[in-house]
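Presented sequentially are two complexes of chain A, the first with chain B as partner and the second with chain C.
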Partner chain A sequence: MLRDDRFARAGLLAIALVLVGLYLFPLYWMYVTALKTGTEISAWPPRFWPETPDVAVVEVWERLRMGTFLWNSLIIALGTTAVVVLLGTGCGYALARVRGLWMDVALFLILMMQVLPSSLMITPIFVAFSQFGLLEYPRLSVILAQVAKLLPFYVVLVRATFLQVPRELEEAALVDGNSRLGAFLKINVPLARNGILVAAVLIMLQALGEYVYSRSLIQERAFQPATVGLQSFMGPNTSDWQGVMTYAAIYVTPILLFFVLLQRQIVSGLTSGALK
Partner chain B sequence: MTYQIEIEGVDKHYGAYHALRDVDVRIPTGQFVALVGPSGCGKSTLLRTIAGLETISEGRIRIAGRDVSSVPPRERDIAMVFQSYALYPHMTVAGNLMYSLRLKGMSRAQARARAEEIAAITGLSDLMHRYPRELSGGQRQRVAMGRAIVRSPAAFLFDEPLSNLDAALRVHMRSEIRKLHNRIGATSVYVTHDQIEAMTMADHVVVMRAGRIEQQGAPLELYDRPVNRFVAGFIGSPAMNFVEGLVTEDGRHVRLALPGEPALAFTGRRPPGEVVVVGLRPEHLTPVGGDQAGGNRLELPVALVERTGSASYVVSDTEPSILIAATERLAGLRDGMFAVAIDPACVHLFHSDTGLALDRMG
Partner chain C sequence: MTSSRSSFRDGRGFDRLLVGLTLGFLLVFSAFPLVYNLIMSFQEVDLFTLGSFDRPWVGLENYADVTGHRVFGLIATNTAIFVAVSVAAQLVIGFALALFFQQSFPGATWLRGLFLAGWIMPGLVVGAVWSFILSGDFGVLNWGLMTLGITDGRVFWLSSPDTALYAVIIANVWLGVPFNMILLSVGLSAIPEDVYEAAELDGAGRVRRFLTITLPLMRAQIGAVLSLGIIFTLQQFDLFAALTQGGPANGSNVLQYWSWELSFTDYRIGQGSAVSVLMILLVVLVAVVYVRSTRHEHVA
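Right after this comes the complex of A and B.
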C-alpha cells in the first residue's frame, strides 16, 4: 500500500517537473542565448549550454540605450499603479460594503470592462486622446489608458479583501467617535493592507509588461518603454540575437526576482484575502 | 423621573420589509433594559438605531434629552459592545482602550492614564501590551467592556455580548456585567435572545416579535401577568404549557381538552361556553398525594420522568403533553397516574384566536 503510494507520488512529481520544464524552457533559452556568441547561436545542432559564456550586459545596456527605456517603463508603471491605487481602493471598499441591485450592476459592468482587449480599444482611445491634445504628453496618455484597463482588475481584487474585514470593526470605530472616512482610513485600510499591497504589485507588473498602448500612443523614441524598445530591435533581418536576448534578460530578471521574493505574500493574498 | 433614552413611534423599513413597527420605549436614567425576542424580531435593529448605525424611517430618538434621530453615531455619546467584540485586531489592548479617547482629542498621556484606570477595574492591567488574537474569549470580552466603560458615555449598548462564551463563563460574565452596572450606574440597553439573561440582569424587559413590542415591564410582572400567549410562552423556563379549554356553566371553571376532561378553577369569571387557551406554568403544577381529596387537581398519565437532583420533570402521556417541574425527587414515580394541584390564581386564560390574555371580571 505504502509503496504504491510512493510510486504514484513519484510519478506525479515527474509529470509536474516535465510540465514546468516545458513551461520555463523559453525563459531558459533566453538566458542561454544571451550568453552565446553570434556563431554559437546559429550553430546546428543547438547547444544547451554555451561553450564560452559571453556576458554582454554592459555593452548592450549602452548600445541599445536601455537606461532611457527602463526609466520610461518605470515612470509608466509607477504612475499607473499610483493612480489605480488612489482611485481603486475607495471603489473596492464601496463595492464591498454597499449591497443592492445597483451595486451588482456596477460590479458586472466593471467585470465587463476587463473583457475588452487593448488592441480593440486602442483606436478609439487614440482618436479621443489626439482630439483632447493628450498625445502631447505621451507617457501620461499611456498611464491614463492603462489605468482604465487595469482599474477593474484592481477593484475586484481589493473588493475581495475588504469583504474579509468584519463590518462590526468599522461600526465600532463609528460608535467610538470616528467619521466614515476616518474609520475607512484608520480601520479598514490597515486591515486590508496586505491585499492592497498584493493587488498593487500585480498591477505594477502588468503595467511593466504593457505593449499595445505604448506602441501606439508614443511616437517618440525617447519616451518609449522597454517593451516597445525591444520590439524595435527585432525584425526579419535581425542578426543581433545576443543583444536582443541580453536586453530581454536585463528587463525580465528584476521582475522575476521581485515575484519570487514576494511569491508567498502574493499567493496568500490572492487566495485568502490576507486578513487572518 | 428623567429619561436617558426616549424612543417614540419608531418605524424602520428595509425596502418592502417592515423591521420595526411603531416602537415606543422610555428608559429612565441609570436603568438596565433588556430587549429580548426570537431571532429576526427586530431587537438588534432597534439597538442599532439607538447607536445610529441604522437610520429610522419614522419617529424620534432622544438621548439625554437631545433629539439624535438624524445625528451620526460619533455625535451620540454612546458606547457599544458587539457580539463579536469587534476589537481592533491591529491595536494592542491599550490601543483599543485609548482609541475613543484619542478621537475625542485627549492627550496621549491622559488617555493612557485613563486606560490604566479602567484596566485595573476590569482586570486587564497585565494584558495591556497584548493583541486581541493573543487573548482568550473571556479576556476579549473584558476588553470590549473596558473599551465601552473608558469613555463614560451617556448610555451603554450591548448586542448579545455573551453568546460567544461557553455556558459556565456566560453565567459568570452575566453577574460581572450586572455588578459593573450597579457600580457605574450608567443607562444600559442589552439585547439578548436568552430570556433567562434578560430576566436575571434587567430592571426592565422589552419583549419583541416581528418588529413590534409585545410587552414591556419589570421581569416578574412579565412572568406573572403576560399580556398574550407569545409573552407567556417566551418568558419563563421551562416554557408554559398550553391546552385548549371550555369555560363551564358557572363561568368559574375551565374544562381542559385532556383525557377525562378535568375542570380547573380560575380566579374571576368568564362567559360560560367560551373556548379559551389555558396556560399552566410547569413550576406551578405541584405534586399532591394520589388519595388527597379536594383542591384544584389534575390527574395525568406519566410518559417520562427526568431527575436533575435539584428538580424533577414529569412529561405527561397526553396530547398535548403537559410538563411538570417539581422540586421534589418523586422517587417512586415511574408510570401510571400522577396527581398535581394548581392555585386558581396561576391559571392563565388566553383568547383562542388572538392569543390575548383574558380579563376576568370579579
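Right after this comes the complex of A and C.
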C-alpha cells in the first residue's frame, strides 16, 4: 500500500516536471538561440543544443548600445516604483483601517482605474502632455503615466497586507501618546514591511517591461527604455535571431533572478491581492 | 484651520489625507485623460489642431467614420475571437494544471510557482521569443507539428492572414495560463477535503465528483478568472506590436491596437479617441460586473 503510494507520487512528480519543462520551453529556447550562430539557427531540423556555442553578449551590448536602453529602463522603473510606494502605502493603510460609504466609493473608483488599458489611455495622455509641455521631459512623462496605471494595483495589494496587521498594536501606540502619523510609521509600516516589499517588487517588474507609454511618449532614442530598443531592433523582417535573443536574455535574466529569489512571496502576494 | 487640525488629531483627517493624495493623483492622470478622451472623440484632432485648445467640433462624425470604415467589421470580429479563444483556452489549460498540481507529490507548490516565470516576463520579450518559435522557415513549432504529423507542411504563422491572429492568441494564452492556474488553485485548496471523502463513500467517481462538487463550489472563482481574463486580454498590446503589428492586411488587428494606430501612425487622433472611448466603456462594464459580483460574495 505504502509502496504504491510512493510510486504514484514519483509518477506525478515526473509528469509535473514534464509539464513545467514544456511550459518553460520558450525561455530555454531564448537562451539556446542566443548561443547559436547563423548556420545553426537556420538548421533543419532545429538543434536543441548548440554544437559550437557562441556568446555574443559583449558584441550585442555594444552594437545596440544596450547600456543606454537599460539605464533608461532602470530610471523609469525606479522612479515609477518610488512614486507609487510614496503615494500608495498610506492609501492602502487608510482603506484597510476605515470602513464607511466614502471609503467604499474610493476603493471602487481605484479598482476601476486599475482596468483602464494603457493602449487606450495613451491617446488622451499624449495630447494632454504635449499641450502642457510635459513631453519636454520624456522619461518623467512615462513615469507619471505609469504611476497612474500601477498605483491602483499597488493600493489593492498593500491594503490586503494592512488588513492583517492587528489594530490593537496601533491603538496601544496611540494611547502611549504617538500621533497617527507616528503610529503609522512606527507600528504599521514595519509590521507590513514584507507585503509592501513584495508589492513594490511586482510594480517594479511591471514598470521594467512597460512598452506602450515609452514607445508613444519618448521620441528621442537616448531616452528610450529596453522594450522600445528591442522592438526597433527586431523590425518586421529580422534575421539576426542570435542578436535578438541575446538582447532578450540580457534584459530578462535579472528579472528572472528576482523572480526565483522571491517566488514564494510573489505567489502569495499576488493571490491575496487579486481576489479581495 | 482649527477644525481641520482637530480632525487631523482625532484621526479622520489623517485617513482622508492619505486617500486624498492617491485619489488626487489618479484624478489628474487617469480621470482627466478619460474626460479629455471623450471630448476629443467629438472633435477634429489631427497634427494641425493637436496643440490647440479650441478645436472644431464634429459631433458624432468620428464614431461614424470609425464604425463605417471598411476594416471595422474585420477588426471587431478579430477582437471578439481574440478575447473568446484566449480566455477559454487560458481557463481550460489553467484549470487542468491547477487540478493536477492540487494532488500531493513532492515539490508540487514550488513547481506550480515556476509557471509564474512566464507571467513576470515583459510582453515584448515574450513576443520576440514567440516570433522566432513561430517562424515559418525554421520555427521550432512547425518542426514539432510536422514531426507529430499534425501538419503536412510549414505553416507561415505570422505572415498569413488566416493564422496571424491565432499566432498572437497562442502567445497570449502562454502569458495568461499561470495567472489563471494560481487563482484557481487558491479556490481549489479552499474546498474542504471531507466533502470529497463523503462523496467517495457514496460511490461517486472522479468525473462525477468534479462535476457535482468542484465545478459548483468553484463558480465564484471561475467567474473572477473569466472577468479578469477578459480585462487583461483587452489590455494586450505588446504581443501585437512584437509579433504582427496587426497585419498582414489587418488580419490580426484588434480594436485596442487599431486605436493606437489611428492616433500614432495615421495621426487621426479624433478617430483613435472614438475607438478608445468605445473600448474603455466595454472594459469598465466588465469590471463593474466583476466588482459587483465579488461584493455579493462578501455579503453572503
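What we mean here is this: the second predicted complex is superposed on the first by the 249 of 276 C-alpha atoms of A that agree within 3 Å, B and C clash if a C-alpha of one lies under 4 Å from a C-alpha of the other, contacts with A are read in each partner's own complex, and residues count from 1 in each chain.
Heads up, the rule we're going with is that a contact is a pair of C-beta atoms (placed from the backbone, for glycine too) under 8 Å apart; a residue touches a chain by one contact, two chains touch by 3 or more.
It should be emphasised that the depicted structure is a prediction, and the values quoted were computed from it without experimental measurement.
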{"item": "Chain C versus chain B on the shared chain A, clash or fit after superposition", "value": "fit"}
{"item": "Touching partner for A:50 - first (chain B), second (chain C), both, neither", "value": "neither"}
{"item": "Partner chain(s) touched by A:122 [first = chain B, second = chain C, both, neither]", "value": "second"}
{"item": "Contacts of A:248 with chain B and chain C, given as first, second, both or neither", "value": "second"}
{"item": "From chain A, separation angle of chain B and chain C (C-alpha centres, steps of 10 degrees)", "value": "90"}
{"item": "Which superposed partner A:234 touches (first chain B, second chain C, both, neither)", "value": "second"}
{"item": "Partner chain(s) touched by A:168 [first = chain B, second = chain C, both, neither]", "value": "first"}
{"item": "Partner chain(s) touched by A:144 [first = chain B, second = chain C, both, neither]", "value": "second"}
{"item": "A:191 touches, of chain B and chain C: first, second, both or neither?", "value": "first"}
{"item": "Residue contacts with chain A in the superposition, chain B compared against chain C", "value": "C"}
{"item": "Shortest span in Å between Cα atoms of chain B and of chain C, once chain A is used as the common reference", "value": "6"}
{"item": "Doubly contacted residues of chain A, that is, touched by chain B and again by chain C", "value": "179"}
{"item": "Residue numbers on chain A that touch chain C, as the complex places them", "value": "8-10, 12-13, 15-17, 19-20, 23-24, 26-27, 29-30, 33, 41-46, 87-88, 90-91, 93-95, 97-98, 103, 106, 108-128, 130-131, 144-145, 147-149, 151-152, 155, 179-181, 184, 205, 208-212, 215-216, 227, 230-231, 234, 236, 241, 244-245, 248, 251-252, 255-256, 259-260, 263-264, 266-267, 270-271, 274-275"}
{"item": "For the chain A and chain B complex, residues of the former touching the latter", "value": "166, 168-169, 171-179, 182, 187, 190-191"}
{"item": "Chain A partner contacts - residues on chain C that touch it in the complex", "value": "8-9, 11-12, 14-19, 21-23, 25-26, 29-34, 36-37, 40, 45, 50-51, 53, 97, 100-101, 103-108, 110-111, 113-118, 120-126, 128-133, 137-138, 140, 143, 147, 174, 177, 179, 182-183, 186, 224, 228, 231, 234-235, 237-238, 241-242, 245, 256-257, 259-260, 263-264, 269, 272-273, 276, 279-280, 283-284, 286-288, 291, 294"}
{"item": "Residues of chain B that touch chain A when the two form their complex", "value": "51-53, 72-74, 76, 78-80, 82-84, 86, 88-90, 99-100, 103-104, 147, 151, 157"}
